[in-house]
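As written, the chain order gives the labels A, B, C, D, E and F, with residue 1 at the start of each chain.
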Amino acid sequence: MAYFDLPLDELRVYKPSIPKPGNFDSFWKNTIAESRSLARDPQFEPQEWGFPLLDVYDVSFSGFAGQSIKAWYIRPKNRENLPVVVSYVGYGGGRSLPVDHLRYPAAGYGVFVMDTRGQGSVWSQGDTPDLDGGSGSPQIPGFMTRGILNPADYYYRRVFTDALLALEAAARAPGADSRRLVVGGGSQGGGIAIAAAGLAALCGLPRDVDQPRGAMPDVPFLCNFQRAVGLVDTDPYGEIRRFCVTHRNRIDQAFETLSYFDGLHFAAQAAVPALFSVGLMDTICPPSTVFAAFNTWAGSKQMVEYPYNDHEGGGSHHFSAQLQFLSSVVG
Amino acid sequence: MAYFDLPLDELRVYKPSIPKPGNFDSFWKNTIAESRSLARDPQFEPQEWGFPLLDVYDVSFSGFAGQSIKAWYIRPKNRENLPVVVSYVGYGGGRSLPVDHLRYPAAGYGVFVMDTRGQGSVWSQGDTPDLDGGSGSPQIPGFMTRGILNPADYYYRRVFTDALLALEAAARAPGADSRRLVVGGGSQGGGIAIAAAGLAALCGLPRDVDQPRGAMPDVPFLCNFQRAVGLVDTDPYGEIRRFCVTHRNRIDQAFETLSYFDGLHFAAQAAVPALFSVGLMDTICPPSTVFAAFNTWAGSKQMVEYPYNDHEGGGSHHFSAQLQFLSSVVG
Amino acid sequence: MAYFDLPLDELRVYKPSIPKPGNFDSFWKNTIAESRSLARDPQFEPQEWGFPLLDVYDVSFSGFAGQSIKAWYIRPKNRENLPVVVSYVGYGGGRSLPVDHLRYPAAGYGVFVMDTRGQGSVWSQGDTPDLDGGSGSPQIPGFMTRGILNPADYYYRRVFTDALLALEAAARAPGADSRRLVVGGGSQGGGIAIAAAGLAALCGLPRDVDQPRGAMPDVPFLCNFQRAVGLVDTDPYGEIRRFCVTHRNRIDQAFETLSYFDGLHFAAQAAVPALFSVGLMDTICPPSTVFAAFNTWAGSKQMVEYPYNDHEGGGSHHFSAQLQFLSSVVG
Amino acid sequence: MAYFDLPLDELRVYKPSIPKPGNFDSFWKNTIAESRSLARDPQFEPQEWGFPLLDVYDVSFSGFAGQSIKAWYIRPKNRENLPVVVSYVGYGGGRSLPVDHLRYPAAGYGVFVMDTRGQGSVWSQGDTPDLDGGSGSPQIPGFMTRGILNPADYYYRRVFTDALLALEAAARAPGADSRRLVVGGGSQGGGIAIAAAGLAALCGLPRDVDQPRGAMPDVPFLCNFQRAVGLVDTDPYGEIRRFCVTHRNRIDQAFETLSYFDGLHFAAQAAVPALFSVGLMDTICPPSTVFAAFNTWAGSKQMVEYPYNDHEGGGSHHFSAQLQFLSSVVG
Amino acid sequence: MAYFDLPLDELRVYKPSIPKPGNFDSFWKNTIAESRSLARDPQFEPQEWGFPLLDVYDVSFSGFAGQSIKAWYIRPKNRENLPVVVSYVGYGGGRSLPVDHLRYPAAGYGVFVMDTRGQGSVWSQGDTPDLDGGSGSPQIPGFMTRGILNPADYYYRRVFTDALLALEAAARAPGADSRRLVVGGGSQGGGIAIAAAGLAALCGLPRDVDQPRGAMPDVPFLCNFQRAVGLVDTDPYGEIRRFCVTHRNRIDQAFETLSYFDGLHFAAQAAVPALFSVGLMDTICPPSTVFAAFNTWAGSKQMVEYPYNDHEGGGSHHFSAQLQFLSSVVG
Amino acid sequence: MAYFDLPLDELRVYKPSIPKPGNFDSFWKNTIAESRSLARDPQFEPQEWGFPLLDVYDVSFSGFAGQSIKAWYIRPKNRENLPVVVSYVGYGGGRSLPVDHLRYPAAGYGVFVMDTRGQGSVWSQGDTPDLDGGSGSPQIPGFMTRGILNPADYYYRRVFTDALLALEAAARAPGADSRRLVVGGGSQGGGIAIAAAGLAALCGLPRDVDQPRGAMPDVPFLCNFQRAVGLVDTDPYGEIRRFCVTHRNRIDQAFETLSYFDGLHFAAQAAVPALFSVGLMDTICPPSTVFAAFNTWAGSKQMVEYPYNDHEGGGSHHFSAQLQFLSSVVG
């Protein structure tokens, strides 16, 4: 409601320094290597959904620990050599139905929509369980605190791994040009896109797959955790706060875990062009945390500010900016 | 929240008898005749929105009293002889941007999205003012009570007239098959679709335009006013209640006006096939008022019940049912 | 809730500089001249409302563009040569009934209560439509954004013009002393009073009518728009924010329009004595925006601070201060 | 919100039978007799409040147990032989300031506004403490449960006694015609008016004071307690519920006390004409409890139904009906 | 809020017939047998918590699939041959700290408090993860829909199994009399107690452990699912509704799963004495669903009704009734 | 919600200077002396509550003006020479039932729980009326403004006097060691504990009773009133604000009264060791007001900060810190 964060001129230069775990790089390299070693080829099953202009594929690919992750892949009918947008979904939602992912294909791109494990029940349907492997701990309802007492168990370790492998799966999609991929998404989807870009830089990609040509994080979540939790108590950041309310003796441990997953560490790795957006009255992903990621981003970058918007950000209006960005990075 | 309306078995047969003004037919025939006499040819201006698979047109057509109304028309690139869905928008929204209307074109249909005069500021942008001609009265914020003291001045007189003329304009769209039109929309859009179908039956259409082949009102609004206002106090029906709160001496006059606009009177005229949907926990358009319209509908009909949904109804899930219906009525 | 604005010592000197359109003066002079040229004599129809101590008149006068505006005029029975308070109404309300306007007459003054066009349905009844002339644009429910894309179309152009002409009509009321008028009102009524005083100074008054002897704006609205919209998101200022949420590409245009209507520009013109009041916890008209108008006011002035009040301000307690002020300016 | 109580046709005949304590009559006769024995003459101190048309008196009179109760008495300047309305105030408010009580004097009546002991801090200022004499018990914040474990200690024993003695004091007011008094009030004020009328009938009045000529209870409170508490959980009835939430073992005792104070028992005594009003969507004083009092009222009676109003009932619109009623009973 | 469920006389006889899956008995017998086969001896580790009057043990026992579950066991210092209350925890909470479980030991009983797997973050701390074994599905935040698409995967299959095995573990606690156990708990704890009693009857207990001597379900949850979900939309039942909102095509499947876990089927098995309680204004576990379980309960039984309480039910007041009940069943 | 008060480093040194009435000391010395002169011996009536490990006494002692105040005294069965915790209750609650006060006795201490006069209806039952002696004034529902216009009448004058006399009564309890008392409580209980410690220092104690050995104020209320009322508008501080909303002309008088009751003046007197706790997101007793008391405390002291907790503070987790503190001060 109204402006509650830093003044705009301070936001634009806000770049906090947050502690990065000493073994951050090895933690992630090992995680990715292990999951890659368990991966099988992605499956693209063509399905009939009533769209004569498009090809729709039901996708299964190997995510964290070789677990099967669902996705949609949609492309303009029979088109080849396509740039593909790998799209991640906002908190609580799932891959939903193909009808909800028509904008990129209608614009001449392939789109690969990764289901978010465990989610997909709050506002759009998902189809992928979260197999947590049994080493977790009590959690606040929601996903933010699932396994939060240990980086190895934390929910987003699995999700971020899925996200990088989704990128690799998308490169194998029918008609996809593996050298012209872009990652994107809004809110949690934006946070995952940042992580995917950072992990791609950190861990590399298969020889025939290029680093993504760009990233489009809109009003991204999962950045600058400690500030976010102290600044707003809306969910999902509020889930972390509520965990700390009850687990008073495990607060440091929880934030230690989160330091392996903060978008700022991934943004610092990401050297590709980025198009960010921010709602200056965003009470879910407060603007300072979005600017923190943006200002930390290692590559070239552009921020679109929506001065009176809350977490809805630019909405459909922002799609024009995205098309322009896509045109500039994947022609 | 939870079930608050009639039990399901009673809903399915609920068909109230509500008073119809004696001059209802002439009121509407005169209204339509007058506006038709002032109409000019619709304008379809092709625009570039970045969708190589589609043609997008910015439309202006003559609505009530010859006033200019905006619309989008979108079709699969260069396709001719197309069935066209004429789509009306929910309360508070406007025609928005083309990117929000891709589903029908991707499915091989043309879509004609009418802007709703005056609206288009709450959740999606609109571009058409409401010219009320200066004979109105004080109103509750919102559109439900604009001109409510006189049928001639009431806001929906203008909107429903726009809606019928939108149908006629859609018949002239590039590539449109004027004999294969369908009307549809959700919430207010559903209520307008019912009105448009009823008015088409009552007032006829130009010789070369067929009655719409079908209607798809989802969780329709603007039906069974008096029951709705006494049953829920959510907006928009609540706007009527709040008007009556202040204008205690004008209640009968307001409901007298509304009797010219109740969807039940239009449904009783509409002889074409219809696909309805209802959320059985809908607190905005309570299920009994939706069933009232459905049970009154004169043509063949089908109801899809969503037992645990509020006003979001079937959401994207319902699109499959719509494609099936479209396939059955416009092949 | 609680203190959310500047500290009191900063409030007392807060005097922002906001941009004034180059043609502000001519815009308003032309507007007023045009409406004056269309005005007819006000009508005062005596009515029986059951108050033997008073005379009650139902008033119609010519407002913006010659349109007919309603008002009440009430005076102590048969009294002549009366000072008259011209009173404007808060947002959402109308002129209501005579029974709601007894305090000034009981105190020996005439009162002239202007109906606010279009309003009068939310908390007190109104009787005057807003004839917007048909050049508007989509709007958020409420009146704040009606015609906001163009100063010529903006709702408050019509209201402020009505307000100045109300002053001139009041001067013609039975028993009124045209040289002893005072303007006043709370919230929107306070904002309108400021505008009326400013316009009277800018545009002059008929020869036999004196500039108002004083102004009594309580917790005034319509001042320092941009700060208000960024500071609180309560309505009515929130209506502007919500417009900007949807019309992301029209924000500058909207604020450009508002710059023709900001109370600060009128306050800077107003050279007569003023009695202001402010609630230091006012979440509707935040204190800084009230002090902004007060500190800008060109004439002599007095501020009554209510330290723990929200928008209710001084309520009936403030009436004593008003009587004292009236006594000092119109004796 | 919306209709939640009995259908209107059932409301109109709803007349519950509730248990009346065997010693109800003696309880009240003793209470009144004892307080009358301690009463001293009321004091009417003329004060200057800036109303040349009126005389304003600050009143002190003896209430329960001889305790001093404040009131305002206002009459048209120097008028004699006046009918007087004795007015009781809604829950939470006090006698406020004279400026809030101008309508009856402007209409040619005297008005005597009783302060409600202890109240007068929530929405209008009061000036009378509640001296509870030290035999109370723990209470829920608010006044509904003050002394609720014993009829002798219960708060409304003191208030209802004050109310009857206010009637007697009003009969002594300057210019008052002691044979033409009327009681009235809204919400709690309506409930007190019912009690005052019932007690006047039960306990009689001084020889030179007539029974009130009429009663005007608007949306009355304090009627049909048990139904009210089970039907709505808004305050003030909700205060009783919350007491029962904590004092699980004292529920019967609390309702036993309330049975000495239920408006229905007073209504059954009251043989004078009455003008009631009811909001059919009243969530504070639900319509069935208002009709219960109305249908039980022993005298001639008239009910004004406001079909879409909540607890605001008829507001200022109702004043016309009141003037008409007053004219018929005190001419 | 207020009374919203059946009238009290109908509640007292409300006993719905709900479908029981044909393989209900075998499903549970197999489940229990399998987990028993994987169980190891419970561990009771004495700990120092600063209570000289008590012995406090940190407990680990084998629950579902042999997974380790935490508990507290507290007894009066060095006391032997003790009746033991096996206590289950309300939704969202965990076993918390020993300081929160002093009432039974102070009353001379042992208490065995089972941690609820995965929970223990919302209002009291838990220490046991939920190992879901990796065959789940997307879920609404919370535990109600974890694995809801398949009885074998459903969260409460694991919890109810834990609960029966907790009973068996409690029988082995230091000083416990394995022939004098009682199960109990509030809300979810009450629902689990019902399930534990039913499973004990259905599946038997080890030779040296008697069926529990009694059950004390307070305001029990997890009963009569379908009615509950249609009657209230508060959480936790609301989690089921929200799942159905999104997973429109999986509603039947979800309720099919729930039919294996409805407390009514367990109550019908339970032949031991029971002490129930109910809040007649309980909006979380509506009274009809509590009476449904009570009226179905196969053993002797007693219901304590709290007429004005919401889900807090009898609170500490109810403890007296529990002591009396305990005294009667385990003397 | 989230952090809204000063940054932590500023909190830790925040020590405001607030005006202390010149006659503060004499006001309290006279008050205490007068009530002591009216005191009779406390009564300890042993009662059976079903706890074989404990002795439970229903206590009556003389509080303010000799009025009878209830309390519970509980000790480990037959234990003598016991340190005793004198415990005060949070706002709205009463002494409740013995079952709610087991933790100190189970830990080997006596506990003396003072009932709070008049309270005890909101969340736990109380049994002591507030006899206000009849010199009060209108009040906002709740206790914060009872008698607020005069220090002699103010509610907390009576409560704080009760609290000191409770300490003296506890010293006479069966088995109590009058030289090893500690005061404590949460929220209002913490504020009262501060007052009791301060008054004990200011007014002294009987010869055979030692100054309390320590104080344990958790998230204390009743400190730094003026800042609290301007910083949050939650209740109970909000009751003061609401009083000022209505009684605009009595604000200074109200705060003048409060200056006799501000915890900071008592903390400055208190020379014994203290264990404080604070929730850094406490919206009821904002952290700065808690630190204000802590930083003012005259004795040795320790603060436990709960960084993500609201007013629930440390909850049961804090009990370990309390046991450690008790062990250090009363061994």
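Details
Here, a residue touches a chain if its C-beta (ideal position, glycine included) is under 8 Å from a C-beta of that chain, and two chains touch if they have at least 3 such contacts.
Note that the structure is a prediction, hence the values are computed from the model and not measured.
Shared contact partners of chain D and chain E comprise B, F. Counting steps between touching chains, the shortest path from chain B to chain F takes 2. Set side by side, E-F and A-F show the greater C-beta contact count at E-F. Here the repeat of D-E among B-E, C-D or A-B is B-E, since over half of its contact pairs match by residue number.
Relative to the C-alpha centre of chain E, the farthest chain centre belongs to C. Between chain A and chain D the centroid-to-centroid distance comes to 64 Å (mean Cα coordinates, whole Å). Rounded to whole angstrom, the centroid-to-centroid distance between chain B and chain D, based on C-alpha atoms, equals 51 Å. Averaged C-alpha coordinates put the centre of chain D at 39 Å from the centre of chain F.
Multi-chain contact residues of chain E, defined as those touching 2 or more other chains: 124-125, 317.
Chain contacts in this assembly follow no simple pattern; the graph is neither a line, a ring, a star nor complete. Counting only pairs that meet the touch rule, the chains in contact are A-B, A-C, A-E, A-F, B-C, B-D, B-E, C-D, C-F, D-E, D-F, E-F.
Every residue of chain D that touches chain E in the complex is listed here, in rising order: 229-233, 241, 244-245, 248-249, 251.
Contacts from chain C toward chain B in the complex involve residues 67, 92, 94, 118-143, 145, 242-243, 246-247. The residues of chain A lying in touch with chain B in their complex are 50-54, 76, 96-97, 99-100, 102-103, 105-108, 124-125, 316-317, 319-320, 323. Against chain D, in their complex, chain E makes its touches with residues 1-3, 281, 306-310, 312, 314-315, 317.
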